[in-house]
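Labels run A, B, C and D following the written order; every chain starts at residue 1.
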Amino acid sequence: MNTQINIAGVTFKNPVTVGSGTFGSGMEYSEFVNLNRLGAVTTKGVANIPWPGNPTPRVTEVYGGMLNAIGLQNPGIDVFCERDLKFLEDYDTKVIVNVCGKSVQDYVDVVERLSDEKRVDLLEINVSCPNVKEGAIAFGQKADALFGITSELKKHAKQPIIMKLSPNVTDITEMARAAEAAGADALSLINTLTGMKIDINRRTFALANKTGGMSGPAIKPIAVRMVYQTAQAVKIPIIGMGGIATAEDAIEFILAGATGVSVGAANFVDPYATIKVIEGIEEYMRKYNVENITDLIGAVH
Amino acid sequence: MNTQINIAGVTFKNPVTVGSGTFGSGMEYSEFVNLNRLGAVTTKGVANIPWPGNPTPRVTEVYGGMLNAIGLQNPGIDVFCERDLKFLEDYDTKVIVNVCGKSVQDYVDVVERLSDEKRVDLLEINVSCPNVKEGAIAFGQKADALFGITSELKKHAKQPIIMKLSPNVTDITEMARAAEAAGADALSLINTLTGMKIDINRRTFALANKTGGMSGPAIKPIAVRMVYQTAQAVKIPIIGMGGIATAEDAIEFILAGATGVSVGAANFVDPYATIKVIEGIEEYMRKYNVENITDLIGAVH
Amino acid sequence: MKKKTLATVISQKEIAPGIFDMWLKTEIAAEAGAGQFIGVFSPDKSTILPRPISICEVDKAQSAIRLVYRIAGKGTAEFSKSVAGDTLEVLGVLGNGYDLEALQGKTVMLMGGGIGIPPMLELAKELFMQNEKLTAEGKAECKSEIIVVVGYRDAQTFLKEDLEKYGRVVIASEDGSVGTKGNVMNAVAEEGLKADAICSCGPMPMLRAIKKYAEEAGIPAFISLEEHMACGVGACLGCVVKTKEIDHHSHVNNARICTDGPVFLAADVEI
Amino acid sequence: MKKKTLATVISQKEIAPGIFDMWLKTEIAAEAGAGQFIGVFSPDKSTILPRPISICEVDKAQSAIRLVYRIAGKGTAEFSKSVAGDTLEVLGVLGNGYDLEALQGKTVMLMGGGIGIPPMLELAKELFMQNEKLTAEGKAECKSEIIVVVGYRDAQTFLKEDLEKYGRVVIASEDGSVGTKGNVMNAVAEEGLKADAICSCGPMPMLRAIKKYAEEAGIPAFISLEEHMACGVGACLGCVVKTKEIDHHSHVNNARICTDGPVFLAADVEI
């Protein structure tokens, strides 16, 4: 049984990674799971300089999910390289660094700073965070802007780049095609859906930021649909995510066309979720005599 | 305590109506609820001619919700007028007729046919059903197309028209503004989100149509966000919907800016849901000494 | 009148692997009959829709309904954990059921396959009671002759003893461990069974075979259909079946299984 | 080591309107201490995140943790229905807790307001036990003097008897039905209380008043903060509080309440 997958020339021992921002850089969850078992660790978004993020409340629960408006708080690329990448040196897993910024130059700065970092296998470009006011999301909601930033980053990046797409668009395939045309090596989707919750007793927004990104099991059908549509539209590999909590969920994404899968908010619900997903995929492969996991990618169409 | 609201000159005894397609024309649910208590009955979409709808399976459950791909099966406007409108003559509630079509002319035909029907108080124009292949959804996902059909229908409609918006767009406010600019009297949102479910054991789509419209509590945060954004963008009234199952949900939409609210898939979960929502709104008003429900509309901003 | 109400679990046990036998105390029992079904809600709120489950037996004196069902997903798995004293929300009674009068004076084959067997029990019981009533009324010639033909996967012959109380029971099993090896049609052939009418519930391939058999034999077959449902009361148009003739509700040859059915004359539907 | 594990409800009762007192049997108890909390998961899957609940009492001999919590929403409402023998998933032990050594030789006011009272019980108990240990070790001069000041809404003085086992208990109530009318600060003034250190948990306005009071009095106040959380283990950055100095984790003056806290020196945080 072979669970290996390949994303842009990088071989993962299995398709399972984590949603950026739900797993830190692995430190906190290393108390619960053996990081060596993961296909890859995807780190919390990092910018060229430290970002303070949004005011609290930053998180709230909704039916079958949650909203967050962390606002990409991060300590900046210098601390990240010294601390987080150093921490990950001890582990035998691929590292996907999620990169955020407010301007093209911000992204370029981070990408260039990371170009010599041996511990970085892939870059995931976050152009779809709904919680940052200054521009970033615009790259993820307009095809021409997405094309522009993707082609610019391709000029500077040493590692393959994964463009992380926003689901808050009319046509996900238009965005996917633009990223592919601009040279993206892979896509990841979906980022969170923009949502809102109002506290009817206090008559206030539940989040200080008013809106937040929705994640959790509730959004899975939308994510599966977008992964499927995208898989029909482009040839580059897809890392599927959005509500994956179980192996069954992960397999659903793979059958829909995802090469890799990310466990996101489910880490908060069950810190062992990633391992359970990995083991459950293996169990499914045994049950149905699937020799290579790649045989399942896009098998339903 | 006054629960009356006004949509385009039509006074509802309370803000509560039902999501089109979740309540037939009220016949089936009249066995469970007294239709006279509803602010309005919104009927299942009707076209100029009978539509057979999609093959089965047409519905499937997802976490905190469901997907449907009925495909707007309907007996056509003639049967609808003779049977459904006649049935509603016996009830003291407003009637919103949901109109669907595949071309502008289809919609015009229905709107004109209904212009002399005294029992019809408002028309809701369904340009956002994700389950019909031929064009209809295009009107709901492109601002210029939405503007076009809205202004055309305004020329023919005797009753006020409510444009029902699709959430499967990048910017709901752009669509809302286009409808308002074209003369729409009101808006209703959100229609269902396009989703997909794959049966991993059979390796097939759960729905014959592959994709379906997602409804249920799971989608509420997205709907509340869109209602809020739309309320900030236009002056015409909004009927809010998307995951409303309880009075608390309904009040959340009203506080976000909705004048009316629709109970949709929740009717399937609890056939008494509409009445419970009405009673719960009254209870909330008593608890917080709200004299007029209109004082709550858009009160959180 | 249909209602959504709280039922109390009287008992529940697993009678075959993954197949549960639950008695519910509920006012709905008063109106329940053979071929009808109820919607059972899962206590877990992540699964919101009612599960349509056919009625296996009704005890009107005790206001009780018996459901024998297979775990098919999250919802059924959830309420299979309920024990005596627990409550479950139910919606019902739903569907049309079998027309017993139409079966008077006939030899009727009740054909159930797999999880389609349970509704055959209440039907057998009601036909048996109709027979007793007819005899008491001096109309013994109107009695139905009851032959139950049931197809199991293996030797797990759940409900067999219950069925035997009401008529002759002929068994088929896929693995041949009990009765005829094969399906119910194989059993009919092997036993040389003949009937004036068929009532049936089971998987679609079986129902198709029965429809064909009945057409060739020139006898009516009343078949109970299954489809994914949302409302269960005829409003959502989720569970339709193509009909031969234009029906009065849809006008597009789509009968609603939940309300126009689940029992249809096989000749009327395209399956 | 933190873990997610299955705990068994030993007992649960409502001790004041909407306030529940639950003992859980769980291995997590072995590492649990005053000021820490655990995440409790609702059995209903429509609410997915753990509810952070502060530890009211620990019984290491019995591997038991006591939680006294208020129903604040769907999740807490759901697990308030659990009865003895039921199981609940829990995550823990979480947070830093109070530093007992830092309180040695001091007069310590333990100030709890409303649902901030429960963690003061385990703290009072641990200080009391530290005192006993110090006495046994011949270091009686290092004992802490324990004054518990608790503010209730009304005469529902939950946990009062438990607290009285470990020190002097001074009470305030908003409606004046018990003790000083007003809040804990009113009680401090009315009783003329003085302390060398404060440990506190309660609503934000109370914590702000205590921070100000402690600054003016030149004494340390250790306050326990609350914020909406998702992961509870420091990964999601949902529950942050602004800190005076740049912290080593965030580098943007945002300490994580779940892991860097929930107990902070009031002078270190901007609230």
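A few remarks follow.
To be clear about the criterion, contacts are C-beta pairs under 8 Å (C-beta built on N, C-alpha and C of every residue); 3 or more make two chains touch, one makes a residue touch a chain.
None of these values were measured; they are calculated from a predicted model.
Path length between chain C and chain D in the chain contact graph, taken as the least number of steps between touching chains: 1. Distance from chain C peaks, on a Cα-centroid basis, for D.
Spacing of chain B relative to chain D, judged by their CA centroids, is 48 angstrom.
Inter-chain spacing, taken between the CA centroids of chain A and chain D, is 36 Å.
Between the Cα centres of chain A and chain B there is a gap of 34 Å. In chain B, 63-65, 217 are the positions where the chain touches two or more neighbouring chains simultaneously.
Counting only residues that touch two or more partner chains, chain C has 45-46. Residues 21-24, 28-29, 31-32, 44, 50-53, 56-61, 63-66, 68, 70, 73, 75-76, 79, 216-217, 265, 267-272 of chain B are the ones touching chain C in the complex. Residues of chain A that touch chain B in their complex: 62-65, 67, 141, 168-171, 193-198, 200, 203-205, 210-211, 214, 217-222, 224-225, 228, 243, 248, 251-252, 255-256, 284, 299-300. Interface of chain C with chain D (complex): residues 44-46.
Across the interface of their complex, chain B is touched by residues 1-4, 41, 45-50, 73, 75, 91, 227-241, 249-254, 259 of chain C.
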